[in-house]
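Scrolling down, you'll hit the structures one after another.
In what follows, subunit A forms one complex with subunit B and a second complex with subunit C.
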Partner chain A sequence: MTPVLDLQNLSVDLPLGGFLSRARLTILQDVNLTVARGESVALVGESGSGKTTLARAVMGLQGMSGGEIRLDGQPVAGKAGLARLRRDATMMFQDATASLSPRLTVGYLVTEPFRIHRQPLPDPDRMARDLLATVGLPAAIARRYPHELSGGQARRVGVARALALRPRLVIADEPTAGLDVSVQAEVLNLMADLRRDMGLAYLIITHNLALVRHVADRVAVLYLGRVVEEGPTAEVFAAPAHPYTASLIAAEPKPDPRRRRADLAIKGEVPSVLRRPSGCEFHTRCGLVQDICRQNAPDLHPTTTGRLARCHFADQNQEQGDHHALEH
Partner chain B sequence: MSAPLSVENLSVVYRVAGGILQAVRDVSLSVQRGEVLGIMGESGCGKSTLAAAMINLLPVGAEIRQGGVRINGTDMLKLPPAAQRALRGQSVAMVFQDPMTAFNPVLTIGRQLADFAGAHDPARATPDRLVAMLARVGIPNPARFLDRYPHELSGGMRQRVAIAAALLMQPDVLIADEPTTALDVTMEAQIIHLLRDLRTSFDGAIVIVTHHLGVIAELCDRVAVMYAGEVVEEGTVDAIFHAALHPYTRALLACDPAVVDPSSGRLPTIAGRIPDLTALPPGCAFLTRCTMALPACHNPPPRVLLAEGRSVLCHRVQP
Partner chain C sequence: MSSAVDDITLPARRGIGRALLRDPMGLAGLVLVVAFLAMALLAPWIAPYDPIALNVKAKFQPPSAAHWAGTDHLGRDLLSRIIWGARLALGISITSVGIAGALGLVLGLVAGYGPRWLDSALVLVFDSMSSLPMIFFALAVITVLGPGTTTLILVIVLVSFPSYARLIRTQTLSLSGADYILAERAMGAGPVRIIFRHLLPNVVGPMVILICMDIPVVIMLEAGLSYLNLGVKPPSPSWGNILAEGYNSLRQAPHIVVIAGIPLVLATLGFTFLGEGLRDVLDPRGAGRRWT
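So, the complex of A and B:
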């Protein structure tokens, strides 16, 4: 079946410095990623890994230097392509309150996409009511202004607005950032309900691994603008094939004082894209680094279980992870 | 010897358009040397106001209604402003959530650290001492670091420098308000490890304010859970995470996505919202959201003291 979203060798680079400088800085390099109908895919990585740039590129907010974006099998090109993209795919922003105009009522805000895309809107009040009901908000909230909403309500209004034109793909940038755990749980439940009821597909950009475990079928891990591992979420978490994935999982604070981590999961910081390390780009922080890693860059290749990983020792790592999982 | 920090029956209100907002209500807490106290709760429960009150840096509009904040036995709130300033920095230091805004963007790190350190005692501002402190918080090449500007540093590095700045004064109390919230999970882990290491070497009390349950579990010895301005439960970190008694603490722990098994499908939530702090009900503030409420809960709940440092504000709990 044709995927809803298909990214083929997506690359983004940005001009670097000086007025006459021709130098370019690689932000994303040859990213291949698909999101099937009704599927939920998470993109994880630290700040500077390029995950937000990828979302912006998909929405046409960031020019590409190479590759192609296909929506339902059709390449997205030109103004008409962009218009179609922005109707069928919508974005849920990180800061929900800031993404809503403070001067407009909630009722107007959730029906604004119809006006922007010049879609028929015979009964705005009723449409606003229906959309708000979809995200579990009372109709009375339509008369309120964004500053009168709590964080969780603003997030829901953002979702209602994103759903107005019945998109098939929602790109969610850190959908739970800054929310309390009880509200996070509400947002995640809502996302799961909408997926079940409307067949929505999600591309979720986050560094919150708990969120990934709960809502993503598949996960792709980005490091310095390249995918370093991709596969089904449960398998990746049980036995990561890339040491970077393993260290991200290990770095997550465990909400149990009896399971405190004794040692530091990951050393150092993400290197600058201005000075990409030689060989495997993760070797400067990798606990399992070998000589070959400093010299030869590994390709993104399938592991024995059909996952993708960019590591010379992917199969070994994965097996060890499996043993580890069995012991527990 | 008196505790480095003790808060006694503290109440803080904000004057707002709708009336008087009761942000902190009759809070009593104390922290011993070498101990890490975590203050946890959702947004709007008063934890940041409490942290600001501990160093008496409340925002405009806030007013202390009653109570005191004792630093090594001296009530800071009763001191004249100059004496308070001397205490701040020297005895109590604070690390803020956003390490970018804590620094002046046009001065080098070295200059700013020297200013902090030299404000009370110029002898402390020697480059050797600054470099030693930067090394202690895990900054690579600390000597070269002094010439850098805040914008050249990553969020994790800035937070390390902020911690170094706070520790330069050798305070008795270090208060960190959401110290890892603005950071990636990898940097968060590093800062947690740093604070844990410091705890053993730095002979003061540490207070961590956060809504992140994982950070509390990894770092704290004791925990105070806040709801609607009150400490509803207090205990050791193990008691809070494994034998919580207050229905709010239990509900909060149960709905953390990091705890819930993904195969379970839906996540539990806490129905309803925090009550309006300008018009609090006479009884238990958690009553409307509580699944275990009794008729008695319409009356103010008792503070049940179970052991030293272990208390619960609930009608359900028997002493």
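So, the complex of A and C:
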């Protein structure tokens, strides 16, 4: 089946200042990612790994330097293609309140997609009420302004607006950022319900691994703008094939401090994209670094279990992870 | 369906007037501005005398029951001249500042949100316009086109639109990276919708107050040019003419300058207060009551 979203060799780079300077800064390099119909894919990585840039590039907010975006198998090209993409795919921004135009009422904002795409809107008020009801908000909210909403309400309005034109794909940038735990759970359950009812596919961008475990079928790990590991969520978490993934999982706060793995603790800061390390880009921070890592850059290749990892020792890591998983 | 919910999806406009009345400063400004507007509109009916009728026997009279504001060097009733002067002062200033504001708003939005090359071109225009010394520029235009009300309005528009355009451009630039603008673009909103529905309502606030504060400046400019005999021609009762003539007879009748100054002061205060009040009311977040 053709995936809803298919990113092929997506690359983004930015001019690196300086008049007449041709130097460019690589933000994303050859990212391949698919999201199948009804599937929920998580994109994880530290700040600066290019997660948000990827989302913006998909929505056409950020120019690409290479690669192709396919929506339902058709390449997105030209104005018409972009318009189709922006109708069939919507994006939920990290800051829900700030992504609502401050001087318009919620009622207007949730029906705006119809006006933008010139879709028939015979009864805007009814539509506003229906959309708000879908996300569990009372109709009275329609007359409020964004600044009069709580964080959870603003997030729900964001969801209602994203769903107005019944899209195929929702890109959610940190859908639970800034919400307290009970509201996070509500929003996630709402997203899960809508996925079931409307057959939505999600691309969830986050660094919250608990969220990934909870909602994602597949996970892709981004490091310095490259995918370093990709596979089904359960498998990746049970036996990470890339040491970076293992470190991210190890860095998660654990209720039991004795279960922390000091040997996997990530070292140092993310290297600057201005000075990418030679060889494997993770070698400067890797606990398992070998000589080969400093010289040769590994490719993103399939492991024995069919996942993808960008590490020379992916298969060994994976086996060890399995042992650990068995021990616990 | 009740009418109360009928408008829930309309762009917002609610009770600005009522909110303004609750703000003491805004109320004071509104009262003054409305009073001046009424004075300007009703001049023929409320002015006790003909503003240009001479009565040399009664010249330089101090305020009295017959002439509440006294008379000038030609015996014309000052109160009538001030009332008629409001018509000229407000007519010229509101027209010119309104045109300059609209021009600045559109150009500022286009410069701020449009392509980079257009921005550079427009900024060049704004900068070269505002680098011209105002009075000399005014003199040049008046020399070419001849003095008169239309020329005066043209000069004021040309001189003052760059400051509005630059204010709006700066604000537009800082907002065009805002999440909600990105969100609108991600939804497929075109530049026209983004500029007029999402940027404009969020950038006009500061311009409203700037406009209200500029109206008295323009009134003064008109007075100044009239003094130089380059604005409104005597015997038309412009406040500038009254002040200029009063200045000539400062020794014989000091009351003329004082009394002619009162409407200028009150108009300045009125428009400034109204500007402040409007700004507070127009911002639905009610944030930043102090604007500096």
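Points worth noting:
The rule is short, and it goes like this: the second predicted complex is superposed on the first by the 318 of 328 C-alpha atoms of A that agree within 3 Å, B and C clash if a C-alpha of one lies under 4 Å from a C-alpha of the other, contacts with A are read in each partner's own complex, and residues count from 1 in each chain.
Throughout what follows, contacts are C-beta pairs under 8 Å (C-beta built on N, C-alpha and C of every residue); 3 or more make two chains touch, one makes a residue touch a chain.
None of the values given here were measured: they were computed from a predicted structure.
Placing subunit B and subunit C on a common subunit A by superposition gives a fit, with no clash between them.
Of the two partner chains, subunit C is the only one that A:104 touches; subunit B does not reach it.
Legend: residue contacts after superposition of the two complexes on their common chain; A:83 is shown touching subunit C, with no touch to subunit B. Once the two complexes are laid over each other on the shared chain, residue contacts for A:151 go to subunit B alone; subunit C is not touched. Contact with subunit C, but none with subunit B, is seen for A:93 once the two complexes are overlaid on the shared chain. Contact with neither subunit B nor subunit C is seen for A:166 once the two complexes are overlaid on the shared chain. Residue contacts after overlaying the shared chain place A:112 against subunit C, while subunit B stays out of touching range. Distance between subunit B and subunit C in the overlay is 11 Å (nearest C-alpha pair, rounded to whole angstrom). Of all residues in subunit C, only 1, 5-6, 8-12, 178-180, 182-190, 193, 197-198, 201-202, 284-285 touch subunit A in the complex they form.
The touching residues of subunit A, counted against subunit B in their complex, run 46-47, 150-151, 176, 180-186, 188-189, 192, 207-211, 213-214, 234, 247-248, 250-258, 260-261, 264-266, 269-270. Interface of subunit A with subunit C (complex): residues 56, 59-61, 82-83, 86-87, 90-91, 93-95, 98-105, 107-108, 111-113, 116-117, 124-125, 127-128, 139, 142-143, 145, 147, 161.
Put simply, subunit B touches subunit A in their complex at residues 42-43, 154-157, 184-190, 192-193, 211-218, 220, 237-238, 241-242, 251-253, 255-260, 262, 265-270, 273.
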